[in-house]
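One structure below.
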């Protein structure tokens, strides 16, 4: 038996980065795949790993170099990564692919995430009679204007206080009309706009705090609603500790994680 | 033993509709859930189905009423459906929920679907040296300007000729640079814009024909590309035959299906 | 500009088939992909479709030939399809891929679908005190022993009465313990076994009827439960009408659809 | 405005655990959801977080207590977690839900994961003639018999050498027949069995090493195959560092992560 074509790499490395500007931030949300080829036959046939750059190292390299090199020139960053991987002994070919999600700018430091948004309508008739509407999948992100500190600490608490952090959430909002507006589509847009504007306009001390203010704003905007239910899963973007690699963290490179997530639910009522 | 709370319904009924206008079409893409409660204890305990409106009938009702009643007033359509279901013998409560996806208008009859779009970059260095870019998940839909007719027929062919049909596809495009442009992000935008503009500007005789023209447009727009690879899965919106219900089909109600799909792939070269 | 490599095909064609035997049925659940190459340059450059076998015809061919040719010899069926597609004028290469899901035999005509099954536990303490358990994703299918007939008919009803049909569902079951059993894992297995055994042992007149009997069986098996909640989405396998192609339907070829689905929910109580 | 019903929690906390036994290990793979209610109105209305147990702490608590308390008595572990969360000041209600995936025992320390497995067949005819088969989604896990050490280290390498680690992968295997066997279904089962048996029988120094041996075993079992292609994504189960909480890690609690993953590909030929 003999070894044929082979490669090794790391797939689905997610990295996000704030490009801090003067008053205006830009934002990148990229998924990276690294694929290497080289002189690693002995690793396969004899278990000799001396030529096998660990895939964990590939991942770390992505974060380690992102702080300095990740810009909107994706091809440039990919090229920079390839060059780095080619310095590893025995590596003869490196392929790096990046997939960038788009975020639509809403404010100088705020973005709306693309695509999964849905308008929802729920109507019940018969033994019960109600007309409700809602939003699902409205993804909002701001690079500043959010804090979380002053929380209780116990033996399992390692989270640091954050006075200013990146906040992202996928808003689910729902409400039942106490009196049906004449134009439900326009009313829906009014609620959506109130939620978005408030999210970006007001700084918050927690997701709970942010959500409560958003609920207030929605109720203020639309008199036909008595209460609004909000579900605000926290789409965590964890600061990636590049100091392990002898680089000072510049406050701009993050690891977005989809599991687990903080799961915040609340109802805001007119009183 | 005894029966407790129960309900029956139909979930994930997908319906799309063209709102034909004078020169300008609007478009709705809705997923419907129907849930009924009523006097159906005997169905559970004795297998007596006389009170069980079939879930297939619920589905048909959605399509049957969509032609006349589905507008941007989702709550109105849901209410209309509830009322219809309450006319069924023994039904005491009907709940209808709708989820509407958003499509961004691009032209009078053209729309860009939200959200899954990605910019892709793939760079290889070492024993091979190439820089490539691409687009994934660019969803385009036009209500007119697409045909498919004149194809060969055999014993298994039942498809009717269509001289003007709705066309939707999720574009994947990829290319390798023969000479690297100075601004890859701007170049990417130029390719994307050429693909979108051409899709909406030119009528096609097939997905293949549409794709070939899009490829031509991309190559014309960007001299640094020698060839472009296109993958254009056909997101079928099947005309829903409402004539079975004694209603003449108005050419505007469709059943979007995700499985199976026509799978069109091609490369367009500079010659 | 010129046309480079190209192909067309149909992806994700789902077909299921009962292999009727003497007292024992076997079952196949296959997803098919067809990919053709041939002399279709004119379709791309001139919109001339005379050589373009429609992807809808490819789909129909899969169902049309499945009745006679789909066996556990997947490669043989794929080969048969390739040969058929090569008879189309101008087709020079045909590739057919099949993916078969596995179903574990449970009885002579009953199968358990693989894999997504989960054991669930939900415990609440504090202002409320409850211990509940459940099952998610238990997929059951039987080729016989299920009917649906005698239901009400209206203008939108086209469904035919079925005195014996294929029935498949993904069971979600949940219950709260009125008194906590000493071994919750063993008790969970007892409920699971009761649900499965009853599904396969008893014929039903509807999903509602099947579910009620399953609930009875679970309550009979486990005295610590007062009631059980069941969610039984109908995983429709639609008989595929091959008679359109001049072939008599043998009652064994189906089109499994994931959207929409009949959505049946009920609670069975101890009295 | 006023605050209505509210809760906070952590969803999709994934934890796996080896239950080490005398010669025989058992394995748990659980997803946890925590949901709390309590006196946190001030957090919503005033941004006062003194009562808000961080969701990150909830996550840590799951791992911190799993080492001692997670057994097959899921309800018992959920109850233990609830009690812990109720000790936090102001928390009045805790709900913990667990979802357990099932793994089928294959050896004393080896398991096959459920469900996504597919048998694949790919046949090409016309200008090319080939018959190939394959497996997708065969998930294998062993609690011992796998190492990864002796790899090169650079500035971005923080991975520790592991002389004995948990190894899990979702096997994709594909091969083309050089001579078609008379019974392709039986031959497929022979390849599958060879891959599984070898994975559990032989210790490996890396995924590459494991894969090469599996390929050798498949070729040895089936003479009609000249080479086999393997794709072995590493389903990482990261040791969770409970020492941060003053607990010594017992080598049995892991954090399974789906993103990113090591992506190992190879071909093994007859020579």
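Chains: A, B, C and D, in written order; residue numbering restarts at 1 for each.
By definition in this document, a contact is a pair of C-beta atoms (placed from the backbone, for glycine too) under 8 Å apart; a residue touches a chain by one contact, two chains touch by 3 or more.
From a predicted model like this one, the values you see are computed outputs, not experimental measurements.
A.B. asks: Suppose you list every residue number at the chain A-chain B interface; are over half of them used by both chains (same) or under half (different)?
C.D. replies: same
A.B. asks: Among the chains, which is located farthest from chain D on the basis of C-alpha centroids?
C.D. replies: B
A.B. asks: Roughly how far is chain B from chain C, centre to centre by C-alpha average, rounded to an integer in Å?
C.D. replies: Computed value for the inter-centroid distance: 24 Å.
A.B. asks: Using Cα averages as centroids, what's the distance between chain C and chain D in whole Å?
C.D. replies: 27
A.B. asks: Nearest whole angstrom, what separates the Cα centre of chain A from the Cα centre of chain C?
C.D. replies: 35
A.B. asks: Show the residues in chain D shared as contacts by 2 or more other chains, in ascending order.
C.D. replies: none
A.B. asks: Once bound in the complex, which stretches of chain A touch chain B?
C.D. replies: 37, 72-79, 81-83, 86, 91-102, 113-128, 131, 133, 136, 180, 183-185
A.B. asks: Which residues of chain C touch chain B once you look at their complex with the stated criterion?
C.D. replies: 1-14, 33, 35, 40, 43-57, 59-61, 64, 88-89, 148-159, 204-206, 208-209, 211-212, 215-216, 219-220, 227, 229, 233-234, 244-246, 257-271
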